[in-house]
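Two complexes come next, and they have one chain in common, subunit A, joined by subunit B in the first and subunit C in the second.
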Partner chain A sequence: MRNIWTIAKREFNQYFVSPAAYVVAFVFLLILGIIFYGQLGGTVVYGGSPQVVQWVFGPFVTLVLFLTPGVTMRLLAEEQRSGTMELLLTAPLREWELVIGKWLAAFAFMAVVIFLTSIYFLITNAFTTPGLDRGTILAAYVGFLFMCAAMLAIGVFTSSLFVNQIAAFFATMGVSLALWLVGFLFQQETGVVADIVNYIDLSGHFYNNFYTGVIDLSDIVYFVSITALFLFLTTRTIESRRWR
Partner chain B sequence: MESSSLKRYAPYALAVGGAGLLVAAVVALLYRQFNTAVQVSLVVGLIGFVVAILFSPGSVSAWFGLRQARYGSNALVMTLAFFGIVILVNYLVTRNSVRWDLSEDQINTLAPETIAALQALPQPVKAVGFYSSNLFSQQQSTTELLRRYQVEADGKLTYEFFDPVGDPVTAREYNITRDGTLILEMGDQREEISFASETEITSALVRFASPSARSVYFLTGHGERDPQDTADSGLSVIADLLAKQNYEIKTLNLQVTDTVPADARAVVIVGPLQPLSQAEVDTLGRYLQQPNSALMALLDPPAQTQAPGETVADPLAEYLQTAWSITARNDVVVDFANSFPNQPLFPLNAGYESHPITDRLQNISTVFPVARSLEITTTNTSLTLTPLVKTAAGSWGETEIDSLNSDAGPVAGAGDPAGPLTLAVAAANSTTKARVVIFGDSDFAGNGAASQGANANLVVNALNWATLDETLISLVAKVPTERTLQLLDALTANTIFFVTVIAMPLAVVVLGGVVWFIRRRHV
Partner chain C sequence: MIEVNALTKRYGQRTAIQDLTFHANKGEIVGFLGPNGAGKTTTMRILTGYMPPSEGQGRVAGFDLLTESFQVRKRVGYLPENVPLYPEMTVIQYLDFVAELRQISGRQDRVDEVMEQVRIDHRAESYIGNLSKGLRQRVGLGQALLHKPEVLIMDEPMDGFDPQEQIEVKKLIREIGQAQTVMLSTHILAHAQELCDRVIIIAAGRIVAEDTPERLSAQIAGGGRIHLQVDGDSHGLAEALGQMPGIVAVQPAGKDGRFDIETAPGVDGRAKIAQAVVNGGWSLLELHRDKATLEQIFIELTKNDNGEAPAQPGAAA
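After this line comes the complex of A and B, so read on.
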């Protein structure tokens, strides 16, 4: 566990010394801020209840599809490019500890970014009578954290496959988008194949329940499975460097 | 056994194997089914691989002898095992999942009545939805609702969707005439639902479990509109819709009997040309003293049914006034603004009042050709009266009937009731458990106008509500708590703008700059 913690801490600190993280956070907060303010103003003018979960998490989900590849592309690709991967593999450190440490750092960074969005809910809640539906917001946050965990695991995996960070970025985005959109193929169909494909669909597990205020154990298990699966595959990929 | 001549063909066999699997995948994707072509391609592909191995077994064993192959196959087995565990866990959890609805109003949770109805189902039920791409969001909400049913149904409810435009054959098979229709099937029983809601679906499930026919009696003997009549003035359109919801439509002439049949779930009176007699109204009054009795009356203005200048007593109107506090005024609604073009006597509704009858009409308009207005006169503590449809503020109830045919046309006078006017009222008596729905027009339900907007659905919804099982009466669509956003002044709005659009992004940039500066100094 100490190895995981050491790596996670080191990687987490790396995010805050890199200008890229600040640029990403700036763009992300600017876009969300503009959308939030526009929606808030529209609700004040035209009436209606403040759908702040939709205002924030609607665009946030789209942004995350670009944000997670940016957060994870460096993690293992950079180690391979600079040749430090060999050093890590000879260190008293298991592959899975390295992988989980890297993923944990990325997850902690994303959690910080996600935490920043709470300001939008606090502001809206202050001016809403009788206040926002906190249960729905909590469910949306829980779901979003699980979804980000899964997407970051995908990112860590693709980062282990490439030396080039740009390739890792686009590969992560491609896999995440494919899992995000796969449900569209069978959205009007039923049957075993459609059921399986729709179950694999990443977006469905977020939008169908968490987004509406429901926490379903099967959604949690799905996101945990995707996370575990891709972290396992990453471990196997790194391990394969020993015998390839 | 390996011969060099056979070994030469091994790559070709391997190519055939790969091509077979590829073709199988493409055909399966195109046809979306495991048809003969897919099966044949799959078999050809597998045979190709087997033949390749048989032709060149040495290559295979040599490959397995490599160090990479040993470690690789070890990793592959571990990966497959991990995949298997993940799939198994997901399968088991999906079959036995647990849900927590964290929303304050529990808007994602089915009512206890629904869960009881699902548990009482004797056979599996299949829901078949027909939604075109134009109604995608409606399909999404129906899917979400059916998913909740499926979770609670313990395998007794399945659902599928078809696009009635893309798949007209299936739509015809189910006799679908309207986009956005949901069919529920259990064995031979079938129910059609126009606007999927928990109330509608659960009501259908309850009827599946106890399949007694829902007999509704259409009154005859006074020139009422005929449910069998397919002419513009007939009611066959409405009757067809009711039949699809398993209503049994019968007729009743109270001039030949002084009792309403015991199996009547409702008595329906549509546009009588002659007033009912006092004896007939007394019979209806006795019937409406019984629990779960219902009356739906569509009453045209007297100006439409009586000769000019004639004033005939209407015992039914008097009964509705005294027993149900609903006055059917002797006027004709005029609206020059919110009506059919150049048809001021054809007013449109100006929105709907909130009620289970109108909640699912989704603001689709209804038009009432030549209507009278209704008035809720007093409120009795045991009566719950709800106006359903109102006209626009610019309308009025013309009481000078002669002016309707004058050259100058109708003008709002001092004695005319001013808009917005009520055109339909729903009433429930908590003591007798009887329900009535009164409309100030019957033309809107006739075949000529029933297809306009939500006219037909308004009638069907009204009858569904009037005949709703008492145990399901509390099962109405959940209304989330109304939350209003109030920004006090411009300064507050500007402060929010500054914080969210300028300060927060800028703070990140400043923080980044500070870190960069500190690091630069340490280097």
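After this line comes the complex of A and C, so read on.
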């Protein structure tokens, strides 16, 4: 268990010594800032109640699909490319500790970026009476964190498959987008297959509930399952490298 | 200590090493010698628990490689050929990270101690990415020593050091080798000859010889080569010497009166040659016998039956 902390701590610090993390955080906040400013301005001019959750999390979700791959791509791919994997795998460290440590670092980094968006809610809150509905906002944040956890786990997994970071980036984006869009296939249909596919669909678990301020246990189970599944697959991938 | 039995590793269809059986005792430095692609790295990766063998079994530091890999990894220090460093960390950050990973108590003191031991303390705050190759190698060595391993395994540890540094590192390895088991691979034979108590020569995934460097030299020392140089006119010398018993061949080597003389196995011949040269009226300048170096043994042993250099087995380095 202590090893998870050791790995996570190093990796988390790593984000802040490389420019990649700052670029990711900058892009997030820049684009969200533009959209937020536009929406807020529109509301001020034309009236209406500020839908801050939608303003922030709507574009945020889209951005996350493209930016989480950037957060996770180096995690294991770089260790394998540079040969430091040999250090880690010959240390008294279990594969799952390595995998969870890496994922945890990415999650902590994303949590920092997500936390920075709270500024938009604080600003809007200051301008509105009687203030924003805190429950809705909190639900959206909780849901968002769970969703990011799942997407980062996918990223950790693809990063373990590749030595090349670019390959890991696009593979993560591909898997995430596919999971995000798979619900389109059976939008109008019913039946067992449609139900299963709709359950697997990532976006449904976000838009239908967290986005509107509802926390449903089944969504949390879904995101936790996806996270656990991909972290498990990552562990097996690393274990299998030993046997190749 | 290390003890392995019939170790075999296959990568798909390719066999990287086959039936390796050897051991290394406490307080012994064992050299692992072989051409590139002979299977040295593969063997070391198995010994350090990086990957399991396809067949065979072994014990390192008293634990089974297959079933107790975790215990083995706790007790083995490993310096891979490609030194595993994080360039964006400082030396002290990196060593502290490894110390934490190895759950060393009194981490800070131990890191300081090791930095002094491998003489990197003056660059403790430098980013590893900015260090020279020799300094990086020191950091890698430090990493392998942090947890005071019972068994130290080093893949090409001399790589990247300049001659002065090599002397220091050899001294350090000898020190460590007094109390612990050290196994190192190299393709530079002089290093093995200087450092190792015992040498294992491996070619195409198999052990071809195993002995002390001295005895390996002695093995092919019979039938050696003598270098002779005379001053001035050397006319008729080759013919005169060629007729002596025990002399196989006399070849002029260069213009200034140098000759290479090949003797029959077990014949020294130096005394007789000196006498013959002087008696014949030539002026003797130099006469010495080649001592068989590991280099020669190596070439001799790694030749295949056709007398050619061995085919590369294509094993992963």
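The rule is short, and it goes like this: the second predicted complex is superposed on the first by the 244 of 244 C-alpha atoms of A that agree within 3 Å, B and C clash if a C-alpha of one lies under 4 Å from a C-alpha of the other, contacts with A are read in each partner's own complex, and residues count from 1 in each chain.
The rule we apply is simple: contacts are C-beta pairs under 8 Å (C-beta built on N, C-alpha and C of every residue); 3 or more make two chains touch, one makes a residue touch a chain.
Model, not experiment: these values are computed from the prediction.
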### Query
Which of the two partners, first being subunit B and second being subunit C, lies in contact with A:203: first, second, both, or neither?
neither
### Message
Applying the document's definition of touching, compare subunit B and subunit C: which contacts more of subunit A?
### Response
B
### Query
Of the partners subunit B and subunit C, which touch A:222 in the superposed model: first, second, both, neither?
first
### Task
Scan A:17 for contacts with subunit B and subunit C and give back first, second, both or neither.
both
### Query
In the superposed arrangement, which partner chain does A:3 touch: subunit B (first), subunit C (second), both, or neither?
second
### Message
I'd like to know which partner A:82 touches here: subunit B for first, subunit C for second, both or neither.
### Response
second
### Task
Kindly list the residues of subunit A that each of subunit B and subunit C touches, one partner per complex.
17, 243-244
### Message
If we count contacts the way the header does, which residues on subunit C are in touch with subunit A in the complex?
### Response
11, 45, 48-52, 70, 73-74, 76, 78, 80, 82-86, 88-89, 97-98, 100-103, 143
## Note on the structure
The subunit A residues in contact with subunit C across the complex are 2-3, 6-7, 10, 14, 17-18, 82-94, 241-244
#### Entry: Of subunit A, residues touching subunit B in the complex
16-17, 19, 21-23, 25-27, 29-30, 33-34, 36-37, 40-41, 43-44, 47, 49-50, 116, 119-120, 123-124, 127-136, 138-139, 186, 188-191, 193, 199, 208-209, 212-218, 221-222, 225, 228-229, 232-233, 236, 239-240, 243-244
### Query
Which positions of subunit B touch subunit A when the two form their complex?
28, 32, 67-68, 71-72, 75, 78-79, 82-83, 86, 89-90, 93-94, 97-105, 107-108, 139, 144, 147, 158-163, 480-488, 492-493, 496-497, 499-502, 504-505, 508-509, 511-512, 515-516, 519
